[in-house]
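Labels A, B and C are assigned to the chains in the order they are written; within every chain, residues are numbered from 1.
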Amino acid sequence: MAQQLLHPDRLFSADVTQREIAKRLYNGVKDLPIVSPHGHTDPRWFADDQCFSNATELLIQPDHYLLRMLYSQGITMEQLGFSTDGRQSAVDPKSVWRIFAAHYYLFLGTPTRMWMDYVFAEVFSLNECLTIDNADLFYEHITDALQQDEFKPRALFERFNIEVIATTESPLDDLKHHKKIKDSGWQGKVITAFRPDNVIDPEFEGFEANLKRLSELTDEPLDTFSSYLSSLFKRRAFFKEMGATSSDHGHLSARTLDLSADEKEQLYLTIRSGNFSADDADKFRAQMLTEMAVMSLDDGLVMQIHPGVHRNHNQQLFNQFGRDKGADIPIATEYVANLKPLLNKLGNNPKFRLIIFTLDETTYARELAPLAGHYPSLKLGPAWWFNDSPEGMRRFREQTTETAGFYNTVGFNDDTRAFLSIPARHDVARRMDCAFLAQLVAEHRLTESQASQIAYDLTYTLVKQAYDL
Amino acid sequence: MAQQLLHPDRLFSADVTQREIAKRLYNGVKDLPIVSPHGHTDPRWFADDQCFSNATELLIQPDHYLLRMLYSQGITMEQLGFSTDGRQSAVDPKSVWRIFAAHYYLFLGTPTRMWMDYVFAEVFSLNECLTIDNADLFYEHITDALQQDEFKPRALFERFNIEVIATTESPLDDLKHHKKIKDSGWQGKVITAFRPDNVIDPEFEGFEANLKRLSELTDEPLDTFSSYLSSLFKRRAFFKEMGATSSDHGHLSARTLDLSADEKEQLYLTIRSGNFSADDADKFRAQMLTEMAVMSLDDGLVMQIHPGVHRNHNQQLFNQFGRDKGADIPIATEYVANLKPLLNKLGNNPKFRLIIFTLDETTYARELAPLAGHYPSLKLGPAWWFNDSPEGMRRFREQTTETAGFYNTVGFNDDTRAFLSIPARHDVARRMDCAFLAQLVAEHRLTESQASQIAYDLTYTLVKQAYDL
Amino acid sequence: MAQQLLHPDRLFSADVTQREIAKRLYNGVKDLPIVSPHGHTDPRWFADDQCFSNATELLIQPDHYLLRMLYSQGITMEQLGFSTDGRQSAVDPKSVWRIFAAHYYLFLGTPTRMWMDYVFAEVFSLNECLTIDNADLFYEHITDALQQDEFKPRALFERFNIEVIATTESPLDDLKHHKKIKDSGWQGKVITAFRPDNVIDPEFEGFEANLKRLSELTDEPLDTFSSYLSSLFKRRAFFKEMGATSSDHGHLSARTLDLSADEKEQLYLTIRSGNFSADDADKFRAQMLTEMAVMSLDDGLVMQIHPGVHRNHNQQLFNQFGRDKGADIPIATEYVANLKPLLNKLGNNPKFRLIIFTLDETTYARELAPLAGHYPSLKLGPAWWFNDSPEGMRRFREQTTETAGFYNTVGFNDDTRAFLSIPARHDVARRMDCAFLAQLVAEHRLTESQASQIAYDLTYTLVKQAYDL
């Protein structure tokens, strides 16, 4: 194949004027370090620094983008190496890889394809297009490489020029991997983020057991709302000690509440009784967002809310294979009324910072940009998950800049557990920001030097400021 | 007028790089046969093969796109040849044509104008722009041509290079025109599609009388839900025998239900009692979508759902002139919760196929692409009706490809009763797909050979696969 | 700074073909008079024709776009010259100006920046980019200029080539400034518009006192619904006498109702009793929209509805500094069901005209273009407020033209109290319409002569027709 897998000008406009500007802007940011303030890599990788196993286990099986597309075209979970008795691979990883290669055309036009091609070319120097014919060669080349020292997690971390990466853990986590990393003397900066869904959402699986564990970890009886809040505050303190600069909240809606002390206590007791309604649970989650915000005033953790996903929509798949298999579906999400109680309490407070994400793009221009373009505490997270695509990023900028400008946004989040794709994802984001800015320059809405500064800020400054990194 | 009415490069980007790629892609698909799996042409045309009457009756009066725009600018239905006592034309068809010509500027920038210009130029060799000055000439030229053999329905069908076309009939239809076509020995493939709204929607006009007729046609007493289902299954079998490969469902919402046997029986009896609430009717429609899906497992008919239209919004117009006069208005539509019962029952079943349409484009990226990019049974219908436009098609690809790719879509549907515009509509779709693909190639996201294969598949392969044609 | 502040080709595509067409189209409309049928300038300016005070009081403090962005980045209202005891400036206006200059980078990419740069360059011949370094120079230059005769309101009005401008007043206004303008012999045409929110929304601050004043003004007891309607009709007549051609309605939703006479009377009495529910208030507003429409039939005032804004979302800011400080946030808005009662009553009436605005762009393609593309009475207002931006205008045309065409829209509204920015705003609108049309020409969907006519109509004809000017 004569054609390059990765064209150096990919994602830039075909228009020569725009492209030349975009290239210059991109040259100014392409080598900046990666700051990854929100993601789901496994801290164990960096703690133990063991070799990754093989191409399939590393690149396919944990990637819900890949699983969902293959599944949508009739590939079964069993064919992909999952079994119903707890995720053990029942098939040869190479046969899974071949299935992936044979169906790689399904990803044409999707960000997944761009990310994978980048991984093949930039991480593994595989510059051909993956096909069924070279599937085995790819598998073996990648799997062999993974056994080399320079493909161990820490080596890749350094090669990827990651300045800092955040993982996500629940308050019940002992953060032993983070401790091990800290104690190891390795210079790589891997921090945690505080994700308390499993102890503040009464409908989370195992909620009562989780609270029991929380009680043990914090020496709090949790018999009152106040004791419950104390236990959470203690865990936040521990997370902060281990490097956390943010909390992260993935509720179904963006609802917040600001109840009276009595109402809160009563609601807590109802929840703890186990005898609560769906509305009680919803109110509790809503109130707890406000409580977390109040704690942020004290401990300075930046608060992130990314609501609006119906998790595990496919009941049969969930029953058989569990969560995170590509069956989460976004829903319409409302922010104006839902965030009002929290914003009315803390939105004007200079010590509080809230970053909002959405999968409902209809709210960009209508709700989120107007809110972020007014409240000092509120910033907009980037195009996220299903919208972490060239088109999604373009829509984000086109629909938020007019009202919120660039400086009420917070740079890019890769939000991924697919470690090897992190440089690819940041590269797409940098290219798309430069392409958008290049259009503004070409249409004489910005000077190139203004655009150059903005590109730098979107890539580096804003994310560090927003997450206190 | 020196200027060509139809420029050969119309709809392609002005950017030279993109345009040259688009032209090459388009050359590869422009002469492919038309596959029209969903539409509303009258089977009588192909059965009887009589001449069409005149330009006004053929091109204006049945076209709700035309009627609505003219009406919006103060042209009355009477001026357009409709009377309140049952649609007889009270005015000279040529005067209607002149009104249309005088107001043809209203359609500038709309797909209707593109389709009409194509019909004028490509079907009738009228290469001037229609104006009030040449209105009579156009009317007479077209009306004269329609009296010629080569403008009879079957001749046009062949000239249009239609490989297969589906019409839409209710279960109460005897399909005699389809039978006549079959028996005629003519090679043109005209199939039906099963559209049971009038016998599964309790609020449809004449529902009870319709069920009576259904009972007669199928020798089923319809005294139980089971007998009712049997009668529908028999009609589906008859439709399938007459070539149908799909059913088609146009409910107000996408709501589905999966009730227990007892609940279904009870609901059916309530509906048949005539003493039912709006919610009962809604539940019944929702349950019947699931029943239709279950029957699809048996008989293999592909299921289509296109919800979300408030029919006959203009009460006065409806009272005077009836339905399909351009007063249907889309509404916000929810898919994630509404489709869950049906998808949880059948969405993983490889024998079931469901094609979803929408007029609520906010659901493309948020709900439909994520659903279709996961469930094996689910595919996305194309940009439809009000969104069957260059901009609408562009939005469809830009908002679905990132998550569903190209291969969870099903090609183009013209969905029209305007027979002469069918080639025009398919041509717009082919051009817009090529224009979109050309941009991806020009931005180095696809190779041209990949794009060429995708263009072919979008035009031909996917529609044949999706509809089992 | 060598670089021009305002490039003559700004906002036109970088593509040479498109740009050259856009320039020609723009040349045909750029010097047309400004028709401003909907805005919030202060009629006192034109009545008294006094000098404006200084740059800060004229350009910053009344501009909620500016205030909200600065506030969002931690600038306090106090720093911007507001105090909690009634808006007196507690700080030096020049220090406010410096804060603005130091934060002017926040507006990069926003329409505010384009408008301000236009004001600097075109109104004040300041062709540099505003920075903290030249902030004082800008302040002094502008403030000095404002003391000159040629910068007085009437001189600017004439220099701006304003053919007519509408202000907005409540029924309780005595329109003395308008009277003074009329009596002055000055030729500038400044008309009013009838904005009755404060006497038809029972939840408006001071509603009962407002009705008392209304009663006095009209010699109506307001003891019956009929007397209440009479009083409103009298004020409409007075406004019409003073030049008004339109009414203007800014309710939370687009809800309308068409109640029976008894229901209306009963509802009115409930409202007047002061003992009403939120739903009663909502119903009353809904019914009153229909009543206003009925009056339009008589007096010919064009009706404008722009719903969908949660006013004063920031409770603390509102309590301290009052309304219009940049804390209004759009919400999702429904039109199909909400407008049905009004449209079913009057939507087919050729004597009635209704112009609808939205901040919920999801309704453009789904609801508003289909409604306006059908009902003779209904027209679409332009991209508005938060969407009065290049991107917002582009989205408006891309999402409405396919279904409503160009001729069911009404040209541009600046909707502003920022008098000096009016030419800038109209210029952006003219450029964006020309850029959109240029693309259609370049893609061979319009001829250039068709586009040229449309550009003229969008700029001048349609607004005069729509507002009976």
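Side notes on the structure shown:
Quick note on the criterion: a residue touches a chain if its C-beta (ideal position, glycine included) is under 8 Å from a C-beta of that chain, and two chains touch if they have at least 3 such contacts.
Owing to the predicted nature of the structure, the values given are computational and were not obtained by experimental measurement.
Two copies of one chain, subunit B and subunit C, touch each other, and the residues they use overlap weakly: the shared fraction of interface numbers falls below half. Rotating subunit A by 120 degrees superposes its CA atoms on those of subunit C, with the angle stated to the nearest 5. Rounded to whole angstrom units, the spacing between the C-alpha centres of subunit B and subunit C is 40. Contacts with at least two other chains are made by residues 13, 15, 362 of subunit A. For subunit C in complex with subunit B, the residues that touch the partner chain are 13, 15, 17-18, 334, 336-337, 340, 343-344, 347-348, 350, 362, 365-367, 369-376, 378, 398-399, 401-408, 439-440, 442-447, 450, 453-454. Against subunit C, the residues of subunit B that register as touching in their complex are 3, 7, 9-15, 68-69, 71-74, 105-111, 114, 129, 310, 313-317, 326-332, 359-362, 386-387, 389-392.
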